[in-house]
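I've put the structures underneath this note.
Paired with chain B in one complex and with chain C in the other, chain A is shared by the two complexes that follow.
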Partner chain A sequence: MKKRNLGFTWFVAWLCAAQLAADDGVFDQYRDLMGDDNPAVFVIDEGEELWFAPQGPESATLEACDLGLGPGVTSGAYVRFPRYFADTDAVMDLESRLVHCMTTIQGRDLETVTAKPYSLRGDFGTEMEALVTWLAAESEGATIAPEQTHAAERAMYSLGEEIFFYRAGPHDFSCATCHEQSGMRIRLQALPDLTSHTGAAEAWGSWPAYRISQGLVRTMGWRLRDCFRQQRWPELQMGSEASIALQTYMAVNAAGGVMTAPGLKR
Partner chain B sequence: MRFSSVAVTVALGASTAAWTIASDDVENVLQNSFVAKNQATMERLERDAVQSACSAPRGMPLDNDMLASLRAERLDAIVLPADGQYLGDWQRGAEVAGNGRGLQSSDDPTQPNGGNCYACHQLAPDEVAYGTLGPSLTGYGARGQSEAMLQYTWTKLWDTHAYNLCSHMPRFGAQGILTEQQLKDVMAYLLDPASPVNQAAE
Partner chain C sequence: MAGRIKIRAQKKGDVTEVKALMRHPMETGMRKDQAGDPIPAHFITEVAVLHGDQPVMQGHWGAAVSANPFLGVRFAGGEAGDTVRVVWTDNQGGTGEGETTIR
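Our next item is the complex of A and B:
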């Protein structure tokens, strides 16, 4: 009897230790519990509808939008981003490419479509969030393979690396402060090592993600903006060079990994 | 790291100068990529000597003489408490250690800043929500309260680079994140034998 009690105590202790050691353990369990029931499915549907909805002065859908694999090709497009586009002579992430298509194909106003790319807490999701979620789902299970053939794409990686290690602000924080070591955590939150293939693949491959605590799907663009808020920096702009550079740095480090987005996070 | 950033910069500089979009102009890129929001001004993107020296990607060759003189400079600039008293109130220090707010664009600037020690360090053994980026400080008070220990701990909090150049830790005193009184309270939280940091777990 005594022995059994001791065994039980050890089991509880082991459970607690495992919980702590797993860091993200509670959320892993939650994910397992949810199975395929990610609330992001509704956002995926919404994104698909928006892609095929005529909008703007041209009353055009986004079907003529070239995401790099030809006009209208959405399957497997997301895992090749960020990439160079000859028509704009620039390296673009998915969000800036969508803005380009909205303004050129649908004739919509640039300031309007970029005014509020990410929803605030308590909002409904935005058009950008829905489109990115659907397009990420169109690459689910595909291998992450960002382009690095054009010199501009390689320069973007190099710039991203430089920004990743750039320390600034009252707290001297860079991305690297939290994301250049493996197996670390902030409070109880596990931190991916984005300089490693494993960490980058896990992070890049799981965004956009449904944030349980916020009831919204968040894109990688939002994730970066919120990291910089916590770094005490000013606000990162969607589609900016710094945002695209950092995404290039992550995506290239993640190359060969699997796209599992939309993910499910705390 | 996929490849040495030095090699990349050199290769790009030689063959495709037009496409080194900003590898040597990162400040401009940042100025064009961010906008000021509330208390988070654009000036925050300008680096001082410590920030510049500590922004080198891993594997970059470093100028050790420069780093040594920078560290010495930081040590010279330490400001010890004006009244010679290092230890405040550990209970207030506990609040500072647990508070993660302050200086973010989303924070109320009229409220005191936190030190957010628990984000990176284990302190009181009963608090399980601690980060691991920094070493555990549980039982820190066992080091005693000699003048040398008090000065060492104060210096570490005031400007970590005076001892450990390019440490990840913020410069709580030198950058004005915490007030002198808050620093004293954190000192007490670390060193007072009555502080939970120095008690056995319940």
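Our next item is the complex of A and C:
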């Protein structure tokens, strides 16, 4: 078993080590061509409408939702996440904060709002995806500046770092297996080095993003969950400590970078 | 949600360049959902670009066109301020329409 794992690790190392030469920045050219025509623009509109739409037993909008800059302040809020909230005494990412607002302000059922945060095959976007996309667009061009003042926020970063380098699962993978070197790719996708500022800023700043191959906008929460799936790790739950910790690790490494989301990906 | 179109039309010399982005799932009918049930076909079958009331392009589309399709068209003529419309119909009887003025 050990031998087999080692063989697989070598295979992955070889896969990741494939040189960037074959890429030629073709996808960057494509992005330049399509830049102004990112279908995420529709999702931004839908997210904005959902924010102002009365919902739930309280028939309330999310305008009273405090994303950290005061109730209803959406501009520049996303770049400060993940952050500590005194009212819940927890470090939250945007998705878990939205869930908190939906259950407390709109009076909606926790199980219902967390049942399907991300689109499955055949879906055409979820409420969570739309809200996150709009809120990220509300921070477009802003400097990534997650809070690291509260002890809980610093603890979250340390936990994220620990998970990032933790090897587990049948493939003995850690996040670092693919994301700790620069200039590498897997198949044709350039792999960002998330331990470096440049790589983290590029990655953190470009999600949520429209995935052309899926015809959907995906959030960072989804991206992490899918990384877990690719590592054959247990399913990562939206708003879980592991998810928020990894996002904190990435966001803090990305601090100082520019939010360019919603991005456009393969 | 479906039915929205974002259009830009710009005069470039003698021609007008129209760029339209449409909100549509463009389901082929060949996919299955997570439960294994087929996802019904849902795609744009006819699309047209109109300059005023004059059609400058008409097309028949099918399931091979991507979700949220992007359409780029150039036609001769057109003046700044003229109306350009893009309309579509899909296989389920849905329609979409968007309008802009030439810049």
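Note that in this section the second predicted complex is superposed on the first by the 244 of 266 C-alpha atoms of A that agree within 3 Å, B and C clash if a C-alpha of one lies under 4 Å from a C-alpha of the other, contacts with A are read in each partner's own complex, and residues count from 1 in each chain.
Rule of thumb we're sticking to: a residue touches a chain if its C-beta (ideal position, glycine included) is under 8 Å from a C-beta of that chain, and two chains touch if they have at least 3 such contacts.
Treat the numbers as computed from the prediction; the structure is a model and nothing was measured.
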item	value
Clash or fit, chain B versus chain C on superposed chain A	fit
Touched partner set for A:215, first chain B, second chain C, both or neither	second
First, second, both or neither for A:120, with chain B first and chain C second	second
Partner chain in contact with A:75 - chain B first, chain C second, else both or neither	neither
Of chain B and chain C, the chain that contacts the larger number of chain A residues	B
Which of chain B and chain C A:39 touches, first, second, both or neither	second
First (chain B), second (chain C), both or neither touched by A:198	neither
Which of chain B and chain C A:159 touches, first, second, both or neither	first
Contacts of A:182 with chain B and chain C, given as first, second, both or neither	neither
Touching partner for A:232 - first (chain B), second (chain C), both, neither	first
Least Cα gap, in Å, left between chain B and chain C after the two complexes are fitted on chain A	10
Shared contact residues on chain A - chain B and chain C	none
Contacting residues of chain C [partner chain A, same complex]	1-2, 4, 6, 8, 19, 21, 23, 25-27, 31-34, 39, 66-68, 70
In the complex with chain B, residue positions of chain A that touch it	20, 151-152, 154-159, 161-174, 176-178, 180-181, 183-188, 191, 195, 228-230, 232-237, 240-243, 245, 252-253
Interfacial residue positions of chain A with respect to chain C in the complex	34, 36-37, 39, 41-42, 45-46, 120-122, 124-125, 212, 215
Chain B residues touching chain A - in the complex, by the definition given at the top	1-2, 5, 8-9, 12, 15-16, 19-23, 26, 29-30, 32-37, 40-42, 44-47, 50-51, 54-58, 103-106, 118-120, 128-133, 168, 170-171, 175-177
